[in-house]
Amino acid sequence: MTNQTDKQWAIETQDLDIYYSDFRAVKNVSLKIEPKKITSIIGPSGCGKSTVLRSFNRMNDFIPGSRVTGGIFFQGQNIYDPRIDPVQVRQRIGMVFQKPNPFPKSIYENVAWGARINNYKENLNDLVEECLVKSALWGEVKDLLQRPALSLSGGQQQRLCIARALAVKPEIILMDEPCSALDPIATLKIEDLMRELSAQYTIIIVTHNMQQAGRASDFTAYFTMDTDRAGSMIEYGVTSQVFTNPTHKSTEDYISGRFG
Amino acid sequence: MSRENLMLQIHQIQDEMLVMGSLVEQATMKSIESLKKRDKKMAVEVYNADRKINEKRYAIENSVLILIATQQPLAHDLRLLAALLEVSAEIERMGDYAKGIAKVVVNLGDFDIPVPIKEIDQMATLALSMLHRALGAFIIEDGETAKSIPAEDDKVDEMYNKVQRLLVNLMIEKPQNIDHANLLMWVAHNLERMGDRVSNICERTIFVTTGELVEIESKKKEIKL
Amino acid sequence: MKNPLNLVSTTTYGRDLNLEQRQKKATIWKALFRLSTLVGVVALAILIISIVNQAFGLVAIEDTNDRNDFISTSIKEVTKTELIQLIETNLSTNRVRTLDREEPLVERSRHDLMALVETEVFKQRIVDSYSLFGSIFTPNTFRDQVAKKHPEAIVEFKSWFTPQFLQESMSKTPELAGIRTALFGSLFLILITISVAFPLGVSAAIYLEEYARQNTWLSRVIQTNIDNLAGVPSIIYGILGLTIFVRAFEPITSGRLFGYEGANGRTILAAGLTMALLILPILITNAQEAIRAVPNSLRQASYGLGATQWQTIWYHVLPYALPGILTGTILAISRALGETAPLIIVGAATYITKDPSGLFSNFTAIPIQIYNWTTRPQQEFRNIAAVAILVLMFMLLSMNAVAILWRNKIQNKR
């Protein structure tokens, strides 16, 4: 693999700036994501966490006027290279959203669809089972596969969305506040699930809930806004370090609830 | 499947605490051994090994703080982590007592004095047995056992008084013994304090299981005018 | 007061609660809303009653020719061969030939022949008719009136809605006239209209919502135009249809281009295209509305799995929007089914007995017939117009019911 860095990072950004039309929402982010670990992005509302996350699988493309400068490297390739098809990027880097958004179809179909449209050639039934097992949902739904996905509870729906993302066989899973619409028990379940998945997948999670970042992640990136409202990364390190002894005053104020 | 990560890490800290406990047991036994043999080299070893115990304590404290900072433990988990902080501090103090005994052995030098080694040995054995069982009770959260252990402290106190009398007699018999007998008094004192520390550990165990902070008092400890 | 407990405390915290007045205002508004609903319901009821009132009632029937001149017994005892004989001897040869062409006389049933004899030989005619309520409450007024004016006539109760009414085509005689040609015309017309307008409208909506760049001046101009077109009077569309489909595209709409012997462009195809044009803005705006209502999270979920834009639209956006699109289509069909003005301009025939047989046929439609019949002076035509209205309403209701059932089935599957 050709890469300018000595280590193979899951994702590496270099001097990343993201604009919405003329407004610079995120500036100067240079971030290296450790593979097969959970990295959380925390920070006050509007500091550009979601913006950065969406840029990792080019979901920002759908926002008119959004623009990226600097580089985002995935396996040594800049995913914003004009020769790269964003559809392929999104297949390799999956996403789970804030509100559980299963398709209004059956549970089975929710998991199978992504694989099917990506020309999956092997046995779909096996794949569906595998993904539902991985997302810790199989036991609860194995007899209800033809039921509408929307009949599940919120927490189950979110795990279904994770199973759905897994079915496309991504290497990285992006999660944008995946638990903010869930109750505490469902939240803890998802966190446990993330821990298990991190053996095989790189997980990047945006959360406004810093306790969750503390509980669930190995690395934490703290973002905040400048006076020009552009978000930037203030601190990035091992979660236990960031949470017990942050280097920056601003991080400390944020995680101790004094600001943001 | 719930909070596996937190439980896993708490278990790791508990394991570290057990290791620390056995380090203290070894150090105490070795310091008494060096007193018995009047082996200064061995005593110096014990003295220096205390650093390892202190480091363990800091490591445990650090892990506990990280868990509190990152995992938001509540209720039982929170009590357990708070108790772990306290208990590791108590064990560390007990390590200091062993270190103190080793220092006495060094300071005694080759001075010829009849050490009441039999009684001291008994005290040490009893105190360490208490510690061992107290830590076991702490790990399995056995409140009943924890409640029963502090009563044995009275036995340690009893023997402490006996050693004290023996040493005072020694001073009266031979005034040139006074300095060294006084040093030996510290050995007995340290062992007696160990018993008290074990009682504190037992109190923490009860705190973890019931959530109540109670002082386990033995009858003899009451002072009357 | 409503409150048995005096909850209004003596301390008002410096505020005048003014509760009584507020409650009174609320009551007045509620009464107003209820009244409005009532007015609507009453209007609807009056409409239906007045139609039903016309569709049934007493009639006075009289033979123009004295039947005793033709037969000596009751017609029920006359044999089939005699009936045929009666027809062949008393009607003009032309008429007999026409009848024979429709269906050979010998093959017709006895009942059929009896009716034929009564209407064509005896020239049995309804000479007067009376409304349903009049027939129920003051039948004697009618009887007296008939006895005075038509002493020969017999009075009997008639439902103007008969199976024949559905089966027969146009006729100059009201009791012989039917709606079959118009019914087929309307159905065929709607079929053409929908099969042209639905795909066009949905495609345009998809393009405007999913592909076209939003908020450019061009897209705004297009959007405003579509919205306004939905409000353009239908007669304008008629003129447009006349200019484009009937005149400019005559070779196509008359079918001459395809070797069909069409006389002119005033065909059901031209009318269907005109109607399609008419409902297109309604369809587009409704479909746009439905597509806009598809939650963005659904699109994101799809894209997030590595779907292309087309896969996202085809598998998620359209199925989700379909019930909404169907609702819009129902509205559009209802509109098209009831439109008269553009059809008249495009050249629907008012008197035609031949069912539409292809895209290039001449045609008529139910609203045209209704309009036509209500302009006739005879009371009897108004009676059958009422029945035609009932048929039209039934058609509308059943089409809508089918669409609604379909929509619910889709929604229940979620």
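Note that the chains take the letters A, B and C in the order they are written out, and that residue 1 is the start of every chain.
Please note the rule applied: a contact is a pair of C-beta atoms (placed from the backbone, for glycine too) under 8 Å apart; a residue touches a chain by one contact, two chains touch by 3 or more.
Source: prediction; values computed, not measured.
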Given chain A and chain C, the chains that contact each of them: none
Innermost chain, where centres are averages of C-alpha coordinates: A
Centre-of-Cα separation between chain C and chain A, whole angstrom: 56
Interchain centroid distance [CA atoms averaged], chain B/chain C, Å: 98
Centre-of-Cα separation between chain B and chain A, whole angstrom: 49
Multi-partner residues of chain B (each touching 2 or more other chains): none
Residue ranges of chain A touching chain B (in the complex, touch as defined): 136, 188-189, 191-192, 195, 211, 214-216, 239-240, 243-244
Touching residues on chain C, where the partner in the complex is chain A: 213-215, 295, 297-308, 311, 315-316, 319-320, 413-414
Parts of chain B lying in touch with chain A, wherever the complex brings them together: 1-6, 62, 65-66, 69-72
Interface residues, chain A side, partner chain C - complex: 57, 59, 62, 64, 87-88, 90-92, 94-97, 99, 101-105, 113-114, 117-118, 148, 150, 161, 164-165, 167-168
